[in-house]
Amino acid sequence: MQSVLLMAIVSGLWYWFSAGLAGYTLFSMLKSPTFIGFCLGLLWGDPITGIMAGGSIEVVYLGLVAPGGNIPSDKALAALIAVPLVLMSDMSVELAVSVAVPVGAIGVLINNLRRYFNAIFVHRADELAVEGDVKGIWRNATWYPLALGFVMRFPIVFVANYFGADLINQLLTIIPEWVLHGMSVMGGLLPALGFATTIFMIGKREYIPLFFIGYFLVEYSGLTTIGAAIFGLMIALIISYMGGFPRLRGEIAAESSREEVSPKTARRTNQDAIDEMMGRK
Amino acid sequence: MESNNKTQLTKRDITRTYLRWWWTAEISNSFERMQSLAYAASMGPILEKLYGKGSQGLKDGLQRHLAFFNTQAIWGALIIGTTVAMEEQKASGEDIPDETITSFKSGLMGPLAGIGDSLDFGTIQTIFYSLAASFAVTGNFLGAFFIVAFSVIHFFVGLGFMHTGYQQGRKSIMDILQSGRINAMIQTASILGMFMMGALSANMVRLETPLEFNVSGSVINVQETLDGIVPGLLPLAAVLLVYWALKKDKFTLSQLMVIITIVCLVGAFFGIF
Amino acid sequence: MQSVLLMAIVSGLWYWFSAGLAGYTLFSMLKSPTFIGFCLGLLWGDPITGIMAGGSIEVVYLGLVAPGGNIPSDKALAALIAVPLVLMSDMSVELAVSVAVPVGAIGVLINNLRRYFNAIFVHRADELAVEGDVKGIWRNATWYPLALGFVMRFPIVFVANYFGADLINQLLTIIPEWVLHGMSVMGGLLPALGFATTIFMIGKREYIPLFFIGYFLVEYSGLTTIGAAIFGLMIALIISYMGGFPRLRGEIAAESSREEVSPKTARRTNQDAIDEMMGRK
Amino acid sequence: MESNNKTQLTKRDITRTYLRWWWTAEISNSFERMQSLAYAASMGPILEKLYGKGSQGLKDGLQRHLAFFNTQAIWGALIIGTTVAMEEQKASGEDIPDETITSFKSGLMGPLAGIGDSLDFGTIQTIFYSLAASFAVTGNFLGAFFIVAFSVIHFFVGLGFMHTGYQQGRKSIMDILQSGRINAMIQTASILGMFMMGALSANMVRLETPLEFNVSGSVINVQETLDGIVPGLLPLAAVLLVYWALKKDKFTLSQLMVIITIVCLVGAFFGIF
Amino acid sequence: MQSVLLMAIVSGLWYWFSAGLAGYTLFSMLKSPTFIGFCLGLLWGDPITGIMAGGSIEVVYLGLVAPGGNIPSDKALAALIAVPLVLMSDMSVELAVSVAVPVGAIGVLINNLRRYFNAIFVHRADELAVEGDVKGIWRNATWYPLALGFVMRFPIVFVANYFGADLINQLLTIIPEWVLHGMSVMGGLLPALGFATTIFMIGKREYIPLFFIGYFLVEYSGLTTIGAAIFGLMIALIISYMGGFPRLRGEIAAESSREEVSPKTARRTNQDAIDEMMGRK
Amino acid sequence: MESNNKTQLTKRDITRTYLRWWWTAEISNSFERMQSLAYAASMGPILEKLYGKGSQGLKDGLQRHLAFFNTQAIWGALIIGTTVAMEEQKASGEDIPDETITSFKSGLMGPLAGIGDSLDFGTIQTIFYSLAASFAVTGNFLGAFFIVAFSVIHFFVGLGFMHTGYQQGRKSIMDILQSGRINAMIQTASILGMFMMGALSANMVRLETPLEFNVSGSVINVQETLDGIVPGLLPLAAVLLVYWALKKDKFTLSQLMVIITIVCLVGAFFGIF
């Protein structure tokens, strides 16, 4: 029962739901090309071909982190377009991947759009909080954003799978080369936004040198992330056992203990700065 | 200082709060306030139970937890678990000011984001997924298994963090806050988190320039020249520039996203990147 | 005057005395294959061949440390079997070494046995101490363990040298392959016991991160021990000049100064933990 | 606080104590108490001289020095030298409690073991012996000379440490104990010792597995997979496991030795190692 | 207008003035072989050949630092001899460099002589200070040393350029090989004098471990100076944020603040030690 | 504590002092007191203006600034700028003892020498000059441009440091001296400076021995043997020896220079180096 329509619908729904990011450890699974390959393969009656295609796509995206919610490229979108191509049209995995990876870049844009629009819901929640409307807040935190996502996600995958590779290729030839390249450059830069946000949230100047040491240790020695983590943890423990940074002892105490400082002052130290970053007074 | 505790939270309450957090954490993520809506939505039912439906305490609580928040959600369960305990004590009459709760959240979210991103996603998930892919490409179904296994384990780690946070908070949050142990914890986490942000930036941020200058015969390859000075200058400059823009209140996150998009496209158009 | 009997007796006595470990800097000399080769060579009238054979064996064991008394392999035993083989039977050095190295593993077992039995003498000393018997304690600390060693060491080397390589080869073919392999694995693991004991004796949690930094620095960079020692010393000085670990300032002071703490408490901090490790209440 | 010193120790007494220590240090080494018997035996005559034959002081002293002890004996001469001075002062009426002496010994034995093992044996002896071997293999008698030279030098270094320890102890042990300088010394030595234990473990502990898993077609080499994550995982695990077993009072050293022997043989039999 | 005499005079003057070290950022420019090549090239009407020769010489001396005023080799002297050789006698750049580099070693000696004689002027300034003679001090700090330099510098370059390469070659064959070699060894050692002086001036024992870490980090990892600077700066910041070295907090405070310490004591701590180094009581 | 300031220094005075310092700094450099004459000569006119021609204050000031001094002159402009401010306040009646000024100078000259030598000359100048040379060898005049550019930029950096030093000193020297901020500054600069002295020594000091020993057949190459132990032993020994000679008051700088010259020549003659 190999139905192209069914494949297109399932893939479209899959993209919608996985990119909607419901279930923190669920979506990491749903977005894995390996897993997608396996499931779509099952649907098409050929799980072996499916998982092989999925695994090949997985390799391209190994080690990705989406700091601060900024995905450097949308591997689920790529997989949901490439895997069906391989299953349904006997396209070679290599070719399918090379078609799908640029499409994945479009997923990055959609994700950013979504995070613009999501501001609507947090503003509505601000109002509902005043009324103590717990249920309303929940709806704004879950169902509405998910619903909004459907409009932005389902069509692209459905169309691509239903009308097939030709359409995609035409589409890609229309887009000028520099736009595609620019989008892949953006994929390399987006994590910078997330890392900078985290650094900003950690915030105290005393910690900044550690950032540089971590950065250049890896640049010069080619240490893996896990190797860096070992040294980082040990350095953190040693510094902390030695008494840490004295200036911060007072400061954090002031922020978190109530007697020693007036509420106003405490409040200003971190949260306000962050509020300004986000654009609210 | 025995408390006039009205409502006692059960283990199930904590687990359900985790499930809410686990489910919503990323759905409503926005450039403006990231996970704040998810935090408030997850805390909602607990606040209702503690302060009472329609009460002023509930309204205040919901607004309190709509403040900006962002972290890696699994390690973040430690934070949400502890704040549940704080709210419980506050509701029972302890004098815990809003600022204590808010600054506890904002003090730990950064370090735990750094640790969670680098450890869980940069390291452990990468190991699982590499194994998965190496099986998958040979058509071995074990590939899919490793993907599922990571999700399941990761789920339960988060649940464990949640209960740990709550227990610690219940037992000793007042002690902890006063003794400075919380401070040592935040410092250790911040150091590790910041170090890992550096390590991860070096591994993940990518920016190169194909520019070449041809000055009366000699060709200067800009990227090679930069690498000759210090490796990784451009990605580092990118991170620092964004940091600086945030720090100096120059731009909001949404504006920066637009700027980055434009810079990348324009740069690509003119062949700078 | 090339007497096989004399060679066997001298070698047997040598093994007994050197493995008895009398004279802390003396036995390190007596156990050196180079030195053994030279002396046995002299005895056989061919010091040049002797020292060349000894040197070749030395190379195999360079850099060995016996932390906590756990020798990873018994180079003296190996040398005392291989060198006579070369001298007396014109066996090639390479072959002699390959015969002797597995035999060396047996020396590790003997050494462990010795350290079990030595517990007898310390228990006797416990009793003699109550009576203030200085001489008796001395005997238990020196002559008795040395005497005990004779039974365990002399025969094996004497037999091996007197009856020669054939016997050894037969012996080795009797022992199953996995036993020999297991003993060489043990040689690689035994230092772990010694290092762990030392780490346990140093004991405070503040120092643990330094262990990991030392370990992974060497693993990742391939630094030699002396290179590591330079960095270790400098790190130790810097931390100490910065004031060290504040928690330990109080603690060690409490352990070593009498006024500030009750004798009972002070006593418990380190020695008791160690006593428990050793199995006495 | 002038002391009613009855017996004055001479330089010769110190040298002879060193000779006793040098001679016995390892002979009676047992899993149960390692060098404690050697320590007591070396101190015996000095204690007899200080407290008097058959005196209670002598008996107490002998028992005191039968407490667990282990170190690298050359650097350990610093310890024994200092305790001789302590006993001298104690015998002369100073109020030095047993605990001070015992904790001084147990505070320094670990760090000095670490330093001595890595520096003397891991480094300097290795250099001497490498030189020796490089001569020896060409049939050059200088090879034997380097071996002897190391022993002789090493002997005198220990003698020097012995006298230094005694002198320091005599001059200023009370000051030192109270001023915190001893604490700084122990901390510095502990840091270096612990660091070197790590470095030496990485160089000396060896454990590999030849295991391979064949899962429906794909062959997984366990050792390569482990190395791909972090190099040296197995040896490290071995050290940590033994440490943990000691720390948690699970096993005594003798038991651990038996366990290791069994594990290695069984592991070899089943092809795990 | 290619005049050998003019070239010889300009080169001689150039050497005199540049080696006189007037204008801290001026002489670094004037001593650059590239710049010398360009200017002498202009003078000879062939700036392209000039700058090419200069650039080739520059490469030989890249990365030189003259710590504490000790130049490891005199690149200006080398350039002022090699560049004219290339311009005037069509000698190949390679040959000219190999002739000029040993001559550069002589410049090191001259520089050292100059610094002996300069002691005269500081002694005269000591006397003038008592009389408050500002102008006189200025003359001793500038014109007199510059004038003295003329005698020592101008002739060598003038003669070399006017009488040409042959003379130089003859000169070099007279000087025994070991002297030239010894002078080049000295070039490698002179920076040690400067670094040791700086270390001595920094002075406190707490900083010494940092020297060794910097040294062996570079020896073992081959890090460039700029790479080392990054790690050095970060380490400095971390230590300082952690509170620095407590012993030095009191000490430096005592040295620089007036109330807490008697002038006499404060004065002794650093300046006196330095005075002794320089040989005055 | 308002001051009875007689003379007010202008921006021009500061700039002119910088110009004097920039011009003279190295001209009169001697082994005996290095840049002390340059320092005094540069301060002269300012002192004259502040204390008056022929005044005792002027005479004292000139002598004060003839004390030993040496640093990298561009970073040293920070020092001279600050001391100008100190003299201004001293002249206006503030009670600033000679020792404060002198120890300020001697506390910072070392670290700033280390930083300036490694950063300005070892790093930035090397980058500029490499670029220059790479152009020059192809006959491109841009080569000369980079040389000039570095000089000009370097000049203005020094000017900036001068004014910064003066401004800081004027505003807050009394505060700074008392608050311990100056101490933190000196410590940070000293750590960086000392670290860089190590790094630069490793890069710049060169000493090798061609010695070989032929002991009954085996050839021992001394340099290779040393490198096998620790790389860079000889250059390190050289630096430490000179340091030790200065520290122990064994030799003055001029004597050391003579000794080094002799050692190098003799060593070369006997084939030791």
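Going in written order, the chains are labelled A, B, C, D, E and F, and every chain counts its residues from 1.
Basically, a residue touches a chain if its C-beta (ideal position, glycine included) is under 8 Å from a C-beta of that chain, and two chains touch if they have at least 3 such contacts.
The chain lineup, named per UniProt: A, C, E = PTS sorbose transporter subunit IIC; B, D, F = PTS fructose transporter subunit IID.
Remember, predicted model here, so these are calculated numbers, not experimental data.
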item: Each chain counted as touching chain C and chain D at once; value: A, F
item: Set of chains whose contacts include both chain F and chain A; value: B, C, D, E
item: Angle (degrees, nearest 5) of the CA superposition of chain A onto chain E; value: 120
item: Computed distance of Cα centres, chain E from chain D, in Å; value: 51
item: Centroid spacing, where centroids are CA-atom means, of chain B and chain F in whole angstrom; value: 47
item: Per-residue multi-chain contacts in chain D, two or more chains; value: 127, 130, 134-135, 138-141, 229-230
item: In chain C, residues with contacts to at least two other chains; value: 208, 210, 212-213, 216, 220-221, 223, 226-227, 230-231, 233, 235, 237, 239, 242-245
item: Pairwise chain contacts, counting only pairs that touch as defined; value: A-B, A-C, A-D, A-E, B-D, B-E, B-F, C-D, C-E, C-F, D-F, E-F
item: In the complex with chain D, residue positions of chain F that touch it; value: 215-218, 225, 228-229
item: Residues of chain D that touch chain A when the two form their complex; value: 229-230
item: Chain C to chain A touching residues, read off their complex; value: 205-206, 208-210, 212-213, 216, 220-221, 239, 242-247
item: Complex interface listing, chain C residues touching chain E; value: 221, 223, 227, 230-231, 233-235, 237-238, 241-243
item: Partner chain F, residues of chain D touching it in the complex; value: 127, 130-131, 134-135, 138-142
